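The following pair of complexes shares a single chain, subunit A, combined with subunit B in the former and subunit C in the latter.
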Partner chain A sequence: MTTARPQKLADYAPLVFPAVMLTVFFVVPFGIMVAVSFFRRVQGAFYEPDFVLANYARFLSVFFGEVLGFSLVLAALVAVVAVTIAFPFTYLLARLPRRRQVLWLVALLSIVSLSEVIVGFAWSTLFSRTAGITNVLVALGLMDEPMSLSPSFGALLTGLSYHAFPYTVLVLYPALARLDPTLMEAARTLGASPPCAFVTVVVPALRNTILATLIMVFVFALGAYLLPQLLGRPSNWTLSVLITDQAIYQSNLPFAAAMAVFLVLVSLALVGLSLLVGRKEAAQ
Partner chain B sequence: MTRVTHGASRRTFLAGSAAGLAALATPSILRAADRTLKVGVYGGFFKDSFDKHIFPEFTKATGIAVESVAEPTGEAWLVQLSQAARAGVAPADVSMMSQTALLKGQAADLWGPLDLGKMKNTANLIDRFINRYPDGRVAGIGAVSWYITLVTNTNVYPEAPTSWAALWDPANKDRLGLLALVSNSFLLEVTAATFFGGTKALDDEAGQLKAFEKLAEVRPNVKLWYRDEAQFEQALKSGEIPMGQYYHDVTGLAAAEGHPVRSTFPKEGGILDSGSWAVSRASQALEEAHVFIDYMCQPQIQALMSRKVGTSPTVRRDLLDLTDAEFAAVSSDIPPIVPRYDLYLSRADWLNQKWTEMIVG
Partner chain C sequence: MTSLVLENITKRFGAVAAVDRVNLTVPDGSFVCLLGPSGCGKTTLLRMIAGLEEPSEGRVLVGGDDVTRTPAHRRDFGMVFQSLALFPHLSVGENIAYPLRIRGVPRAEQARRVEELLALVRLPGFGERPVAKLSGGQRQRVAIARALALQPRLFLLDEPLSALDAKLREAMQVELRQLQQRLGITTIVVTHDQREAMTMADLVVVMNEGRIRQSAPPVEIYRRPADTFVADFIGITNLLRARRGPDGAVRVAGGFLAGVTLPAEEAMISVRPEDVRLVPPEAAAITGRVEFVRDLGASIEIYVEAEGQRIVAVASPRERPDLQPGATVGLALPADACVVLGA
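After this line comes the complex of A and B, so read on.
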């Protein structure tokens, strides 16, 4: 590893490949999307190059405002639920013997390999009246008769949190594995119980990691468009679902692009805001 | 709009190519190799069935080889065809198009006009299956049709419902599965046919708003607004969602496999959706295309498709040799509810907005 600052143009050479990839596969498509969002929708056909604001104007309504608000709240809730479960889980995981850690990580990676469709169908079966978990509760005498739990907001939140959980663990794992064990030992020596030491020492020590993970899960959940259709009612549909409708079923690419641009801007603003808050707190 | 969810996968493409090579290897086709027609059909089940049961018969009868092309779903194929036509190329000579896509293509003058005089068998068709430009030129010919009907789980509903009005019955609270889009559920048409005397009631905005208002009353009964057919089919079979709208042919197949489901043609009629053959104006094989479409309009070919592909015939019933049971498996004598495709062109965005607000709000 070198800490020398780049001197010549050639020193920037290693950056060329990622820069080209980023331009070709991110900047250019995003630019096209922004351009299309200003095109003119032709009903009964497709769109024509133009510069109109109608697509954004259509979006600025109470209806879409509510859908956007719901999407943001849902994504934030998923982030909180996933991190709340994954953080203690990863902490315990990082303290297991090496061999068992590997087993857990392999299991988590195999969940990542499942497609959203399979996750959605599995949960809708688990939450069904005819074959779901309520049948187990009935057999145990805890419920009178089986009931259907899906589609509902709870089912959607569960599905999305489940889907985000392995990613959350994998993002938290390096930081928790590197955490200095003497921190805990010092806290214990000073008389703190393990849960108390975990909450007052480990969590604050990794505050920035937690914030970064929350943001990652938030953005991850914001893009969900399949699970809301499989596990949610129409009132639980996110903006991404409506974007898909416009792009694929209504052939209204300009409006879909405008909604997508709006979603990107709002989420970037929120991410920026939370980073700013995090930095301010760290400085104090 | 379109109902086929099977995408055009690499596998179907390879299978198609292999079949093409095998066909070329037979001597009878080699003679006719200079006369080839590229035919676009929905990839997956449709293309496989046509490749297996229909196209070989056509080649045997006419000496024209068919190169089948797997069409993507939605309107992507229309976009590809119209862009290629601008460059003077036709990715397929004849394509099976959904009604909305056909109308959109008409608006762009994409379809080469067809000559009914060269296709005697088109006289067999039911009138609604001839698509015309506003000036009377023929833009498309009905290829296949299919019904969306009222389906129920037989364990939950021992008696079959008789009317679409069952969707509004308060007793069916939280029990229905309905299609999630205004342009593929055709529920406005169903509402108009059931309560307002027919789809004419949707002619003006006042009528459309009245239908929306009436349709909003079914919301408490709907458990699932589905885009994915498999999700509803599974729930219907298990009884989780015991009533809804679904495809007549697939429901019949499921019942034949022993699942407790049934498809009923309500007294107001089933929803009749269809695909039409249309020829790209960039096609160089107009002559062969006419031969092909004429061939497909023969009663015995329509009967063959009903038996092998499960589609509803586009020719008059009295010309068909289908038994009552075979006919009932794919169609009904009750006059159908024909979707108002014109509305999904002229008022697409307004209808979509109202619809989304209705079901989400």
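After this line comes the complex of A and C, so read on.
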């Protein structure tokens, strides 16, 4: 498709509304946050304008480094788990008759409408000793006695992956629905069994979509701050939890802002890096 | 020997039979065209041969083996799809090597075979190119090379040339036929283009509404159509209603037709326009009024209205009859060119 380049200033008119919205609701708040991150905190009060680097200096410590590292690893794991499950799921979903697809999509959207709080409490019940899934396993004779699975890293990973799953499916769905079904058939006539054709044709043909989805889920999981507190141990708390803690409970907005800015920069750098790697691979 | 036998093949989608009790024998090394209008079941039939669709009834036999329940990836057939279905993430060479890679053929052997196939489809040195950078005709050749990579027992093509422009399509028809003859591979092509079928096929199978209407060599299909559908679908023809009088004489378009016998009181007769001769009206059995003259340069079509029926005659430019619309003209229908069809 070819489109004419804008000639006059008026040609940019359709961009005005989104540009204003982006500026008012994204650029300005982010700017305020960046500014606040350099402000000086006043004990017992709020903060006053200044230019100090103390907020940044403060988390250049082993403790915050570990929390940051843990947050990134956790988000990456959630991305991998969610995409690994959602990709084959969406592939099969896109091949169902239309009516059944709609039913599944409505079900997924209703999960999206649940808040993180409800998801968290539901899973902590499911992972509990008294009412959890271990009781089912005991009834089936697979376990000796019910036990509590939460709080733990596994519970946190499950909860976050569950929370990210419907979004992952909805992001993957358009690409998989558009995928030419004759590609799979061609692979089959060329001697590939259906699972083999899936791995050698569908996955590599959509690797850019997969990469983009991984990044989306990664960023999504990085922002989670309720589930780590509901399903994880304190050692499983992410940077987002610490930011919330500083901003809301410790009233240390400059320090929270500095951590948030740093988290944004690190995740942007990671996203940029993975795009770069993806492009290099595609060029080969 | 890889002859193909279809026994009573039926495919039902709900209550509709897309393919209805098809019986067909394709001899080893022959080129068969499944020809018919869209929705006649020809693609469904091809997909059942390929193993992409399972027949509701009937059997598919290849070289004597029943492959009806064999999955597509174990049938060892090469198939070219209408969309070509080239893998967008692989280069030309990788596309052609794909079936070899799946089978675990050693790398050196893969590379040698890819070169061989690229030479076969006259694309030498194209191995490194991305598929997206190829022209329509080149993509076509890559799809053919990939389908032939494993030296398949059967070569199946679903409307392979429909995406090409008219000139290229004609050239590819000849090329595909020559390639098939060189390799001696049993080939089945689905097409809705009768020129394509006439150019390439040893055997043309005309289908309509899920059934085979006629299966015969191209010239026979053209000269001796089995019914009105085939006569009308293949080329241009005059379908005329003929009536037998109590004396046994046959009347068509207000004139007597000598040398033709009808199986019933009334029947349809097919006469190709190039067989209709223009004669002086005084001596002719059939006379009509010229409605329209279409001078195409290479041929001249004359539309004549006779007793409420339209008859098209084709004259060569050498004759160039001096006719104007409204003129009265005589028509002669040679008895040996008239094919009597069922009602």
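Following the convention adopted for this analysis, the second predicted complex is superposed on the first by the 282 of 284 C-alpha atoms of A that agree within 3 Å, B and C clash if a C-alpha of one lies under 4 Å from a C-alpha of the other, contacts with A are read in each partner's own complex, and residues count from 1 in each chain.
One rule holds for everything that comes next: contacts are C-beta pairs under 8 Å (C-beta built on N, C-alpha and C of every residue); 3 or more make two chains touch, one makes a residue touch a chain.
This structure is a prediction, so every number in the text was calculated from the model and none was measured.
Of the two partner chains placed by the overlay, only subunit C lies in contact with A:Thr200; subunit B stays clear of it. In the superposed model, A:Phe26 makes contact with neither subunit B nor subunit C. Annotation for subunit A, partner touching more residues between subunit B and subunit C: B. With both structures placed on the common chain, the touch criterion links A:Leu242 to subunit B but leaves subunit C unconnected. When the two structures are aligned on the shared chain, A:Gly191 is found in touch with subunit C, with no touch to subunit B. Contact with subunit B, but none with subunit C, is seen for A:Gln229 once the two complexes are overlaid on the shared chain.
In the superposition on chain A, contact of A:Ser128 is made with subunit B only, not with subunit C. For the contact definition in use here, the subunit B contact set and the subunit C contact set of subunit A share no residue. Against subunit C, in their complex, subunit A makes its touches with residues 180, 182-183, 185-194, 196-197, 200-201, 204-205, 207.
Considering their complex, residues 50-52, 71-79, 81-83, 85, 87-90, 98-99, 102-103, 146-147, 149-150, 156 of subunit C touch subunit A.
The touching residues of subunit A, counted against subunit B in their complex, run 41, 43-46, 63, 67, 121, 124, 128-131, 148, 151, 229-230, 233-235, 237, 242, 245-246, 248-252, 255.
Residues 1, 74-75, 79, 103-104, 107-108, 180-181, 183-184, 223-228, 231, 234-235, 238-240, 345-349, 352, 356-357, 359-361 of subunit B are the ones that touch subunit A when the two sit in their complex.
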